[in-house]
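Everything below concerns the one structure shown next.
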Amino acid sequence: MAVCIAVIAKENYPLYIRSIPAEHELKFHYTVHTSLDVVDEKVSAMGKALVDQRELYLGLLYPTEDYKVYGYVTNSKVKFVMVVDSSNTALRDNEIRSMFRKLHNSYTDVMCNPFYNPGDRIHSRAFDNMVTSMMVQVC
Amino acid sequence: MTVHNLYLFDRDGVCLHYSEWHRKKQAGIPKEEEYKLMYGMLFSIRSFVSKMSPVDMKDGFLAFQTSRYKLHYYETPTGVKVVMNTDLGVGPIRDVLHHIYSGLYVELVVKNPLCPLGQTVQSELFRSRLDAYVRSLPFFSARAG
Amino acid sequence: MSRQANRGTESKKMYWYLPFPLPSASLRLMSSELFTLTYGALVTQLCKDYENDEDVNKQLDKMGYNIGVRLIEDFLARSNVGRCHDFRETADVIAKVAFKMYLGITPSITNWSPAGDEFSLILENNPLVDFVELPDNHSSLIYSNLLCGVLRGALEMVQMAVDVKFVQDTLKGDGVTEIRMRFIKRIEDNLPAGEE
Amino acid sequence: MSVPDYMQCAEDHQTLLVVVQPVGIVSEENFFRIYKRISSVSQINVRDSQRVLYIRYRHHYPPENNEWGDFQTHRKVVGLITVTDCFSAKDWPQTFEKFHVQKEIYGSTLYDSRLFVFGLQGEIAEQPRTDVAFYPNYDECESVEKRIEDFIESLFIVLESKRLDRATDKSGDKIPLLCVPFEKKDFVGLDTDSRHYKKRCQGRMRKHVGDLCLQAGMLQDSLVHYHMSVELLRSVNDFLWLGAALEGLCSASVIYHYPGGTGGKAGVRRLQGTSLPADSGNRHRPGALTTNGINADTSTEIGRAKNCLSPEDIIDKYKEAISYYSKYKNAGVIELEACVKAVRVLAIQKRSMEASEFLQNAVYINLRQLSEEEKIQRYSILSELYELIGFHRKSAFFKRVAAMQCVAPSIAEPGWRACYKLLLETLPGYSLSLDPKDFNKGTHRGWAAVQMRLLHELVYASRRMGNPALSVRHLSFLLQTMLDFLSDQEKKDVTQSLESYTSKCPGTMELISLPDGLNLPPVPFTKLPIVRRVKLLNLPASLQPQKMKSLLGQSMSTKSPFIYSPIIAHNRGEERSKKIDFQWVQGDVCEVQLMVYNPMPFELRVENMGLITSGVEFESLPAALSLPAESGLYPVTLVGVPQSTGQITINGYHTTVFGVFSDCLLDSLPGIKTNGSTVEVIPALPRLQISTSLPRSARTLQPASGDEISTNVSVQLYNGETQQLDIKLENIGSEPLETLEVTSKILATKEKLYGDFLSWKLEETLAQFPLLPGKTATFTVNIKVKLDFSCQENLLQDLNDDGISVSGLPLSSPFRQVVKPRVDSKPANPPEGSKAGDFSHVKTLEAILNFKYSGGPGHVDGFYRNLSLGIHVEAEPSVFFTRVSTLPATSTRQCHLLLDVFNSTEHELTISAKSNEELILHAGECQRMAIQVDKFNFESISESPAERTQFTNHKQLEEERQEARGLEINSKLDIHWNIISFGSVEGILNQLVLEHLQLAPLQWETLLQNPSISHMLPTLVRHFPSYIIGYKSTENAERFSYTAK
Amino acid sequence: FVALFLLLHNEMVTGVYKSQEQGEVENGRCITKLENMGFRVGQGLIERFTKDTARFKDELDIMKFIYKDFWTTVFKKQIDNLRTNHQGIYVLQGNKFRLLTQMSSGKQYLDHAPKYLAFTCGLIRGGLSNLGIKSIVTAEVSAMPTCKFQVIIQTM
């Protein structure tokens, strides 16, 4: 269902980005890159905002004519961005949320792999598989 | 009732620790010699006991006593031996010896990276705790005996 | 180091106290992770220090051994397990008590050699390798080799010379992790030299 | 309505639109001079009222926009000012005509107009006219501003009148229906009597009046009117106008809340233009709101501000308005502009999220086909707005789109410069700096994909701009900083294009500064190749300068403070600054070794790679190398010659790769290892080269101490032979060789050495000093080997075994065995065995000659050099004493000593004992010689107490005795020989022979107590069987010699 | 696990120091090595621990978390107190520090203490840094097994 999934480091560079179809990858690079403006805005707003809005899930960042872009920020300031085909109306907010949870869990495992240096690009079979599962399983 | 002294040997007969409380008579030989003697004795008793044993036995011997004192013996499968001499009044104290092993030796020596195994224990902590523990024993008393 | 700390603590006047926290849940799980990650850090560090995997394996085994010789004492102290009569009993104790106690898993004991001096421990899941993905350039690394050392060291302390090695490893794509143990000989203890 | 004004902002609603235009030919310069002055009058207080009038000037305005004037009156051109040149009266009429033509364009909406005529004088200029002003020239027109103010006054009067009669007309009589252009046709045949229709008319009119009030500076009234019109229009679902009414409401409220203006710079400009201070607004509308929000006490204002929207409402109303606009595609521009206005307001309110939503919406409003220029303008404005709300990435994105638009294929002549400029502006948005230094800290943490794309575009644009230097710089930068992210193919491509560019314009280390102030720092290729280690090398041992009394600072301790945090990295710095504890020598070639490797998937050619140094003047000798693809670490040695003395520091190295020059400084290299980079250069020293008469030896000897040997020579000598070694000393340096000391060191050998092995006289050599550069001197060393060739018993035995007691016949010689080995050879020595035997005669001696020399300035500073020559000598004996026996002489004090002497050389030699005459031995010949000797007593020699004390150890004592005896006998017998063909070979009896002699009954007790006979027993047995039979310890000489017979 | 971790840690320390003996014998390096291992572990742990917690408000919030959940889970017992001067310096004090209790109580072996604390310092620093707080963590032992960890926040 997701057409592009990206993991972005604390310092706002991609740790992982995958999209279908792969050829459009660069385009998605731009989509995700620009979406960070919104992420930053939301996070900083959260800083101001009081206890209420303290969820890791940021919800819809912005819609473009043919995509919806969702965001999620971990406590370690790592960002997950998911681009979904806006034609795909079946997706409820909760499903997106749970997808992000899955993503986060999987990322955590990557972080715990002793052979992974935090901050490097993610090369992990496990993570790949998980992402693929999210990309393909069309509803 | 009273506690005379205590030996702690390891598998290879090294005397890891010795301390005494109410020891009325010294062997009159250098301590090193004494340890060797003690260990030698235990070793032989042990082997005799198991040789002579009419049934297949597990824990080796637990104690022996003379008319004046009683020697309590505790040995782990790893060959650590705790030996305590008390007067005759003291009953079986396996649990005490076990605690000296598990509660003190293992905790404070084995788990202390700074205490190399197979050598006399230097840790003050161990010594003080051991002393405190023994003194706290119900059958430890200066007056008696 | 004290020098270090003094700088900060002593000089700063105004302090402020927090209430005591309530111990959080699922401690056990977390601390197992602490162990797993620490082990991971160790292995990777070794990989940095030694260029080839064989040396790392050796080092792991050596460290394992050193741990084993101490761990056994802790084990005996906490479990009131006595001397074992035969190798089968030992196998049981290792699998059912030791592994349970220290790694929270109970490997199954299988394919005994006819002579009864060799058996395999099958670990369905090996806590050491949660999260681990071996990079391709470490194909010959035996990640969990520490365990072999531990077992070797521990058993040696109870007068059993054994040979321990991994024959299967989930990290290498095998279905399960299998540790093969072979009994070599019983180490008779004897009087230290200079005794008569 | 087609041309959007992206700069428009809410407060523009209160302005009157005045168009200023030239007619006829007016130089642009002049026009804008005057335009500036006119537009400076943008705000005036209407006399006898608190109201302020704002004017918006345009020098060009599309008439079709004007048609929307009824919809929003600030779009209506109400004033026209034309500027013209006119120099002669006769031109005047048509000039004036032109003015009227011009007026026609906006005629429908104009309130009033003016004509400014420049240059015309004379009677026409005299007659005063309200609508025309004459000025002699552009410099003398002081009254312009005044004129404008009057003009505005008149505009105001008209405005005011319109406002009044519109505001006052009663709902009774018919109100015209105001329309926007595209509505006109829809309204034919509408029931103009329906209440619905009336309401619509009223609503629209109200709205219109609201506009007028706003323009007339009556904010409150406008608010009231807008509110009313909103109600009216809502009731009749007149959405387009409802939108307008709502927007009017917003505008008014914005003006009320944000007197500073929302248009950013534009707003500021407006205020600067005025004579009033920036806070003038406040004076007119006390208690107005600061940009930060509602002012603390608005109590006094409540009455006034009751109709005013709160900041939040403003946005909601904008939203609503826009949603209505969006129903009409012809109102696209209105909608678009409304969005922009809203965004500007939100920007001030710091509500970026909502702002971005408005912008998002604006992005998707598609107007009719825009021209490329319009597109560019649109994208850049979007970019600006995003910047305004702090969405830098988004802003950069649109800037980039704009840039691409500049060079869209559809454009006739693409604006590469513009494109390039815009691209540069996007850099911050992609957090990309063009300074390679920012990339030195470890791995690059940035959004490589987009950054690379941008760099590629920069390269391309700059190339199309025809500025190869730029493209090279950008491309180098791309290669250097993005290397890790380039695929192998990309690496190939990039380097190829780079090479093709540099072929025209090589890359330099200069800083390129761009017109708009941006600087492009140079990009040294520190990754092509990657340098891992830099190691300054010591001079070869023979050239290392030594200090007379060495005192060199040892490495300082680098004890890290006890902080846990990976600050260890710091001590890399220390490492580098650390001084090295060897020196280089002025004028001598010095080497620095770099461990480099090539990260590229193809061979890397590096031209003129050389050292960058500071301190001592240094002549660097660049090298060229080519590294295999993805080479592992690869040693490269860079050399140079220090020309002066002092401290020299290696700061880095320079290279040329792909036609780009790079200066790579060590400090800017991450994770590089050095052994220090500063070394002392000491004054020049001479260089000594030695050559000898002897052949160089293949095998080099291993000296015990560290000093290695530059040359080795070897020579074979007969034992006792003396050989002269001529050494040629040449000064191949550039300094005079002033001093020379020669020392020798004999390498540990078990051999006992008689006499001195090496001897020389330095004087005559030194006589030739100082040795100037290029000059040579000779130095002679005498090599003399006197060795003890004992333990050749085998030889003796052989002889004895073949049972010839008295010899003289060649066949008894071992030499003969060598010549033709016996068939029935005993296992003891098989044919080769004998050969081996021969070999074993050769003994080797090794020594080192040390030349310690100095000269020139280095000498003055107390430095010297050490050169050592290894000497390898193989000595073989020339004479063997194959058999020894004694005969009693007539006197018991004497005896005859019989020696079988064997000449093992290929030369004829003569041998003689003290008294006897010379005996000639031919090559390989063996003869017996008899010598009469006195018996003597060894004890006398060895028993001296002195020695006793000296040699406590028994064994030593024994040896000493032996030797002493040997010498004693030697001197007694004084046997010597020489090989006739070449110089004297002074022979000595070897230890063994001496032992034999001692066996002889010269003194018996000695023998017994002498342990050294033990190994001789076999011989003994043969010689003196009886002695063996009866262990008669007190044998006497006669008895013995007797039995011997 | 407890015992196992303890022994593993001890073995690591000795291991590192042994490996140094053949090689550059620089105390600083060993400490750093241990510290770095701890750092990496800290990063990993915090990632897991914070997976399900709400977003942190501020530095103090984070410090509280570190010393509550983090510490407690890592060392089985809550830290005895946390103090701060509100200027980026925090002091966590453990009166019975797990890695020291079995060693000694008092001055004996004091000079060995540093190497058995380096890892923990790294652990804390790693955790913090992963939460976006750069810091220097030092430890102080005046008498074992009490131990103070001082966190100095690096404001950049």
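In order of appearance the chains are A, B, C, D and E, and numbering begins at 1 in each one.
Everything below uses one rule, namely that a contact is a pair of C-beta atoms (placed from the backbone, for glycine too) under 8 Å apart; a residue touches a chain by one contact, two chains touch by 3 or more.
Nothing here was measured: the structure is a model prediction, and the numbers come from that model.
Considering every other chain in turn, the ones in contact with both subunit B and subunit C prove to be E.
Of all chain pairs, the one joined by the greatest number of contacting C-beta pairs is C-E. Inter-chain centre distance (subunit C to subunit E, centres taken as mean C-alpha positions): 23 Å. The distance from the centre of subunit B to the centre of subunit E, each centre being the mean of the chain's C-alpha atoms, comes to 38 Å. With centres defined as mean CA coordinates, subunit D is found 36 Å away from subunit A.
Annotation: 68 Å between the Cα-based centres of subunit B and subunit D. Multi-chain contact residues of subunit A (touching two or more other chains): 112, 114. In subunit D, the residues touching two or more other chains are 562-563. Within subunit E, contacts with two or more other chains are made by residues 3, 7, 11, 14, 36, 40, 44, 48, 114, 117, 138-139. Of all residues in subunit A, those touching subunit E in their complex are 10, 46-47, 51, 54-56, 73-77, 104-105, 107-108, 111-112, 114, 118.
The touching residues of subunit C, counted against subunit B in their complex, run 69-70, 72-74, 76-78, 81-84, 157-159, 189, 191-192, 194-196. By the touch criterion given at the top, residues 40, 43-44, 46-48, 50-51, 53-57, 130-132 of subunit E touch subunit A in their complex. Within the complex formed with subunit C, the residues of subunit B that make contact are 11-14, 36, 39-40, 43, 58-59, 76-80, 101-103, 105-107, 110-111, 117. On the side of subunit B, the complex with subunit E involves touching residues 107-108, 111-114, 123-125, 128.
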